[in-house]
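Listed below are the structures to be examined.
You will see subunit A twice below: alongside subunit B first, and alongside subunit C after that.
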Partner chain A sequence: MPLVTIDEQPLEVEPGTLIIQAADRLGIEVPRFCYHPDLRPEGNCRMCLVEVKGYPRLAVACATPVVDGMIVSTPHTSALAQGAVRGVLEFLLVNHPLDCPICDQAGECSLQDFYMHPHYGLHSSEVDPSEKVRKRKAIDLGPRVVLDSERCVMCSRCVRFSAEVSGASELQFVQRGNHVELKAFEDRALADPYAGNLVDICPVGALTSKDFRFKCRVWHLEHTDSICAGCSTGCNLRIDHYRGEIQRLVPRRNPAVNRSWLCDEGRLSYRALSAAPRLTQPRVRHDGTHDDVDWEEALAAADQGLHAARTVGRPTAVAALASTSATNEALLLFKRYVASTFVAPLLDCRFGQEDRWVEEREDALLRRRDKHPNTRGAMLLDLAETPDGGLRQMLARAREGAIDAALLLYYPPLVRQEDPATLEALAALLHAVPFSVVLTTHEGAWCRGASVVLPVAAWSEEVGTYTNYAGVVQRVGQALAPPGAARSAVQVLGDLLARAGRARASTAPGALFAELVATVPTYAGLAYESLVSRAADVYPPEGRMAYGQEGFAGH
Partner chain B sequence: MARRDLPVVNVTAVAEDAENPVTEAGGTLAGLEVTLRRMVRSLRGKDNVTIQYPEQRKPYSRRFRGVHVLTQRADGSLKCVACYLCETACPAECITIEAAEVPDNGIEKVASRYEIDLSRCIFCGFCVDACPEEALIMSREYDLTTDDRDGQMAYGIARLTERPEIDAYGAGYRPHMQYPLVESYLPTQRRQESAAETGPGT
Partner chain C sequence: MERILTAQAGHDDQRTLAAARSRGAYEGLRRALDLTPQEVITAVTESGLRGRGGAGFPTGRKWAFIRPQPGQAVYLLCNADESEPGTFKDHYLLERDPHLVLEGVCIAAYAIGAHTAYIYLRGEYASLGRILESALAEARAAGLIGATLLDSSVALQIRMQLGAGAYICGEETGLIQSLEGRRGYPRVRPPFPAVHGFVNQPTVVNNVETLANLPWIMTHGTDAFARIGTEKSTGTKLISVCGAVNRPGVYEVEMGYPLSEFLDHEAGGILEGRALKAVIPGGTSVPVLTAQETEGVTIDFESMQHAGTMLGSGGMIVFDETASMPHALATMADFYAHESCGECTPCREGTGWMAWIIARLLAGQGRPDDLERLLRIGNNIEGRTICGLGDAAVQPVRSIITKFRPEFEALLPAVIDSRPDWQRHEHGPRTARHGDPAREATLSEPVTGPPTARL
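Here is the complex of A and B:
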């Protein structure tokens, strides 16, 4: 294997590794605009120039593969490379407008970060602001993206993403030199369902998000790593929130699942959380109307009603249906509660055809037909065993009068609307069953027939794990507190288990996951703590935000 | 100095002298000399230290850090583009900003809500230092007492931009006081300039 020495640090790498990748692995920062690990290298921004011993001129680290014995010096150790990189950055800033106060990229902008680094920037500009070449600003590129040509550094990441990854091929450069400009053909709206990624990969403020536009300054954001709940692919994302509100979702790099990408539907899925009013208080039905009650009363009512159904003792007289949008931990407790409390219950996880659609692709990149994040996890817990079980079967049995009680755990989908037929079937089931307990997040007409409604935490409000279509187990993060009196499904089910006389299960996520590993053979060997070990794959590499601080410290 | 050169003091005589009422009163009066002199002068109406506030007021420094002012452009629009630097710099976290889009003025962004909660403000002036465009400066207004803490202490865009007190007290601290304001106006100043431009009679 080739041995490369970068800034006097040796590293052995696989043949074909680029210098910039080797440097990233060593934790040596090589500045870059055009390089992106999930796009083909182009080498056009010249920001990653390094000195290679024996080479007649500087080499671009992002397009030069390592050869054995190579000795590389980055701008941190080579005066030659540093001078070149400084020059490149100064040229890139020649026509850059003084827009930072109104630019959404400010705070996470490569130009700002590199300029503040004592090795690349901090020059005083030779260009009078009135001499800068002015270009078009605030160009509307459809529902997701706003283009500002002046701020562009022509790195072509967006052009390559559009051509190589999403295949939409909607962007191109026109003109030359000072006047080169990024354009969509005739400024048409981008039809790419992955257009949001253009904003993420743009290293400057040329492409900004319409959804996030002027909403919040990025330095105020708090970050929580999580998994998208929009479909069974389970893309890794980061929840950016501020003062208890989600401001945006951005992808995290995971080469095994979503690389660096996220579809627009997933990116905007957080809007669904506030699309309908949330349930904030447990409700119990008295004489046909729902009354707000406290948890004690609601749990007692739920326990009593379900207990009555249990003592009737007819087999398969209890229908228990848990959504595959629930975490593995909630599903485990749900299954344990139902299986240990009732005689041969109808236990299932299918509201529609989740198990058939779980692997079915919607497009060539990420999206899948099953809009639930944890269908595979539910299937591994044997919640979809019978070939034709699920909501429709339960409804048929209930109409025959064979069901005494129902327990539902339901989450509205975050992507697209729920199938109206499913909601109708749910409402019909609740009307046909004498006693029913519903655990759900949002208010809805369908749950008016429920005897007890328990408000539970929605996505982004609880921790746990999802298992994606391919069986990859990933941790979900909690960014916000559940609204009002709502509690996590795990906590509610733990309380119900305790009331049913079962040993109170530990509802700590790590403890529940250990039980899950013991229950599901496929999970053997997994540990809760190590499920987030992919930090090394996060792009940009960890520690990049230190640029500004380093620059200030040098003064 | 050698020990034998020290003067000999008769302690008993000194103690007796101190108990003499005349000497005692003299010492007290000597101690009150400054106080008495000031008293007589002020009784005669010369250099009074106290003033009849609020009827009388003292002039404050040009750099006084009083209640904030949001400056305007020549056309009367708000200079602030909601860059949030003041909010970020504020140690008391008393500034609340919401930004909105302006499609047609070439500046794109404007503050649709700008609120300073003066009951939390510590008047440190960091917000004014942080403002890159002198869109926020301070005035010399210092008395902002109110009997309605909840309703009156949060100053919104309207009160921060135009209120009679701005003219009454005048502009206060801003970081580059040695230079005049550039394309930033206080309300009256702006009206005077636009009146001068249009000329009398129009």
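Here is the complex of A and C:
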């Protein structure tokens, strides 16, 4: 394998590795705009110029493959390379507008970061603002993206994403020289269902997100790593939140699942959380109307009602249905509670045809037809075993009068609307059974017939794991506290288990995951702690540059 | 002197196939087809022929890089995108003797194993396109090209593609991109076109004049060609000369011909008996020579390099004593700023910035450090761009400012404006940009010299 030495640090790499990839692996930060690990290199920004021993001129680290014995000096050790990169950065600033204070990218802008770095920036300005080439600003590119062509550094990441990744091919450069401008044909609205990624990969403030711009300064944001709950693909994302509100979702790089991308539906899925009023208090039905009660009373009512069904002792008298949007941990406790408490219950996870759709693609990139994040996890817990089981079967049995009680764990979908037929079937089921307990997140007309409604935490409000369509187990993060009195489903199910006289299960995520590993054979060997994405898989690499410091943070 | 390229171009009927054949056209191809392709490559290598487009890379060596993998097609692209300022020698060949060029294309294609060749013609040369198309049609009709090359078993299709008027498409990878229907953006090398060229296949790009040498080499032999010219610059060179000379035009001279003799004889001496001031010998992308520096220089790759410039394309621009070098430089800087494709940062921003600074110097609004600034910008462009356009843009700026510095210093305002940067240009040339009417107006009034001094 070729051996390369970068800034005196040796590294063996696979043939074909680019210098910039080797440097990233060594933790040596090489400045870049146009390079992106999931796009074909184009070498146009010239920020990654490095000195290669024996080469007649500086080479671009992003497009030069390593050859055996290569000796590379980055701007950290080569005055020549540092001078060149300083020159390139100065060129990028010649016609760049001075609007950082009103630019939404400020705080996470590569241009700003590099300028503040003593190796590359802090030049004194030699250009009068009146001399700058002016270009168009605030161009509406449809529902997701706004373009400011003055701020563009022409790195072409967006053009390449559009051509190579999403295939929409909606962007191109027009004009020449310092009049080059990014343009969508006739300024038409982007129709790309992945357009949000253009904003992520834009290293400057040229492409900003219509959803996020001017909502919150990025330095206020708190970050929580999580997994998208929009479909069974399980894209890795980061929840950016501020003062208890989600401000945006951005993808985290995971080459095995979503590379660096996220679909627009997933990106905006957090909006669904606030689309309907949340349930904030347990409710018990008295004489046809729901009354808010405290948890003690609600859990007691649930336990008593279910106890009555339990003591009937008739098989299949209880229907238990848990959504595949629940975490593996919640599903484990749900299954344990139902299976250990009732005699041969109808236990399932299918509200529709999740198990059939789980792997079905909606497009060539990321989206899948099954809009639940954890269907594979539920299937591995044997919650979709019976042929033709699920909600429709339970409803049929209930209408025959064969069901005494129902226990439902339901999460509204975060992308697309719920199938109205499913909501109708749910409402019908609740009306057809004498007693029902519903664990859910939002108000909904369908659950008016429930005997007890228990408010649970929604996505982003609890920890746990999801298993994606391909069986990859990933950790879900908690960014926010559940609203009002709502509790995590794991906690509620743990309480119900305790009331049923079963050993009170530990609801700590690590402990529950260990039980999950012991229960599901394919999980053998997994450990909760090691499920976190490795830092190397995250792009941009962790340890961004810090302002005004000598060198890069963490370098 | 033996004329290799222009021997028949003087005949008015040379464009027609019958007339051209009566004067020996396609005989070189016949000779080439008697050899194996490898033998043709060897012959051209031994002839010492070097590329005539500007870089002077040995033609035979370029061909020898072609090593197609099984299933790959090889392409020959004839670069007829002649756009280097001051250069119009390929225009002469294409206009006067198109079959000479076609024959050269055939020989080169045969040597490298290409069955498709494209002639990429500069957009502004559309009128030559008609000449070329009718020559192609005649050659096809006569069975010279197409399913069989002459009467051999080798197939060769030749197609012409008209460019859309961009200097950058004369750069070989820019040309390939343009031919593929993409934006004329040069590609990062490696991989080189010999490996990943047109539609990702092995590709050779040769200049018109380079190819036009091949028939003669085939008919007269390698040794005969190598005997012409100097040891390392064999053959002849077309020089297109313009500017302050009495007889501007295209001349074929033997490599090693003295520059001063060329100016005096072929070019007919300096206009109106004035004194020579400067010569740009190979298109504006090469450094300028002062009158003094031209002494003893001969027209060949080595002598030009020794004098600190390049033979380049052979597009020679001559300045007499009345010329304003700052105005000449402004024209050149505007050209590069206008033609920079904008793909990579240093050239995109640097060429425009240089043109802007030169414009404000001419407008009498220069800053004391502007000359140093221009040189610094040049240093930050050179060697850091994807293609050679950036390097090319720096050559005239650096050489003209360095060699004619007093003319630039004279443009600096006598009173130094001490206001801070951001206040300085409130009433300055704020809208002046290349191609801008305001700017054109300032250009029409040279600071020194009569209008003839301008390019």
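Going forward, the second predicted complex is superposed on the first by the 544 of 555 C-alpha atoms of A that agree within 3 Å, B and C clash if a C-alpha of one lies under 4 Å from a C-alpha of the other, contacts with A are read in each partner's own complex, and residues count from 1 in each chain.
Assume a residue touches a chain if its C-beta (ideal position, glycine included) is under 8 Å from a C-beta of that chain, and two chains touch if they have at least 3 such contacts.
All of these numbers come straight from a predicted model, not from anything done at the bench.
**Student:** Consider subunit A as the common anchor and indicate whether subunit B and subunit C clash or fit when overlaid.
**Tutor:** With subunit A aligned, subunit B clears subunit C, so fit.
**Student:** For A:R213, decide between first (touching subunit B), second (touching subunit C), both and neither.
**Tutor:** first
**Student:** Quick one: classify A:V60 as touching subunit B (first), subunit C (second), both or neither.
**Tutor:** A:V60 sits against subunit C, while subunit B stays out of touch.
**Student:** Just subunit B (first), just subunit C (second), both, or neither: which does A:R46 touch?
**Tutor:** After superposing on A, A:R46 lies in contact with subunit C but is clear of subunit B.
**Student:** Looking only at subunit A, is it subunit B or subunit C that touches more of its residues?
**Tutor:** Counting contacted residues of subunit A, the larger count belongs to C.
**Student:** Anyone got the angle at subunit A's C-alpha centre between subunit B and subunit C, nearest 10 degrees?
**Tutor:** Spelled out: centre of subunit A as vertex, angle of 90 degrees.
**Student:** Which partner does A:Q172 reach: the first (subunit B), the second (subunit C), both, or neither?
**Tutor:** Once the two structures are laid over each other on A, A:Q172 reaches subunit C alone.
**Student:** Which partner chains sit in contact with A:S130 here, subunit B, subunit C, both or neither? Use first/second/both/neither.
**Tutor:** second
**Student:** In the overlay, answer first, second, both or neither for which of subunit B and subunit C A:P101 touches.
**Tutor:** Only subunit B is touched by A:P101; subunit C is not.
**Student:** Could you state the shortest Cα distance, in Å, between subunit B and subunit C after the structures are superposed?
**Tutor:** For subunit B and subunit C in the superposition, the minimum C-alpha gap reads 13 Å.
**Student:** Give the list of subunit C residues in touch with subunit A in this complex.
**Tutor:** Counting only subunit C, the residues touching subunit A are 166, 168, 183, 188, 337-346, 348-353, 356, 373, 379-380, 383-386, 421-422, 424-426, 428, 430, 433.
**Student:** Which residues, counting only subunit A, touch subunit B once they are in their complex?
**Tutor:** Residues of subunit A touching subunit B: 100-102, 106, 137-138, 213-215, 217, 219-220.
**Student:** What part of subunit A is in contact with subunit C in the complex they form?
**Tutor:** Those in contact with subunit C are residues 41-47, 49, 57-58, 60, 63, 84, 87-88, 90-92, 94-95, 125-131, 133, 153-154, 172-173, 175-180.
**Student:** Touching subunit A in the complex: which residues of subunit B?
**Tutor:** Going through subunit B, the ones touching subunit A are 81-85, 88, 99-101, 103, 106-109, 132-133.
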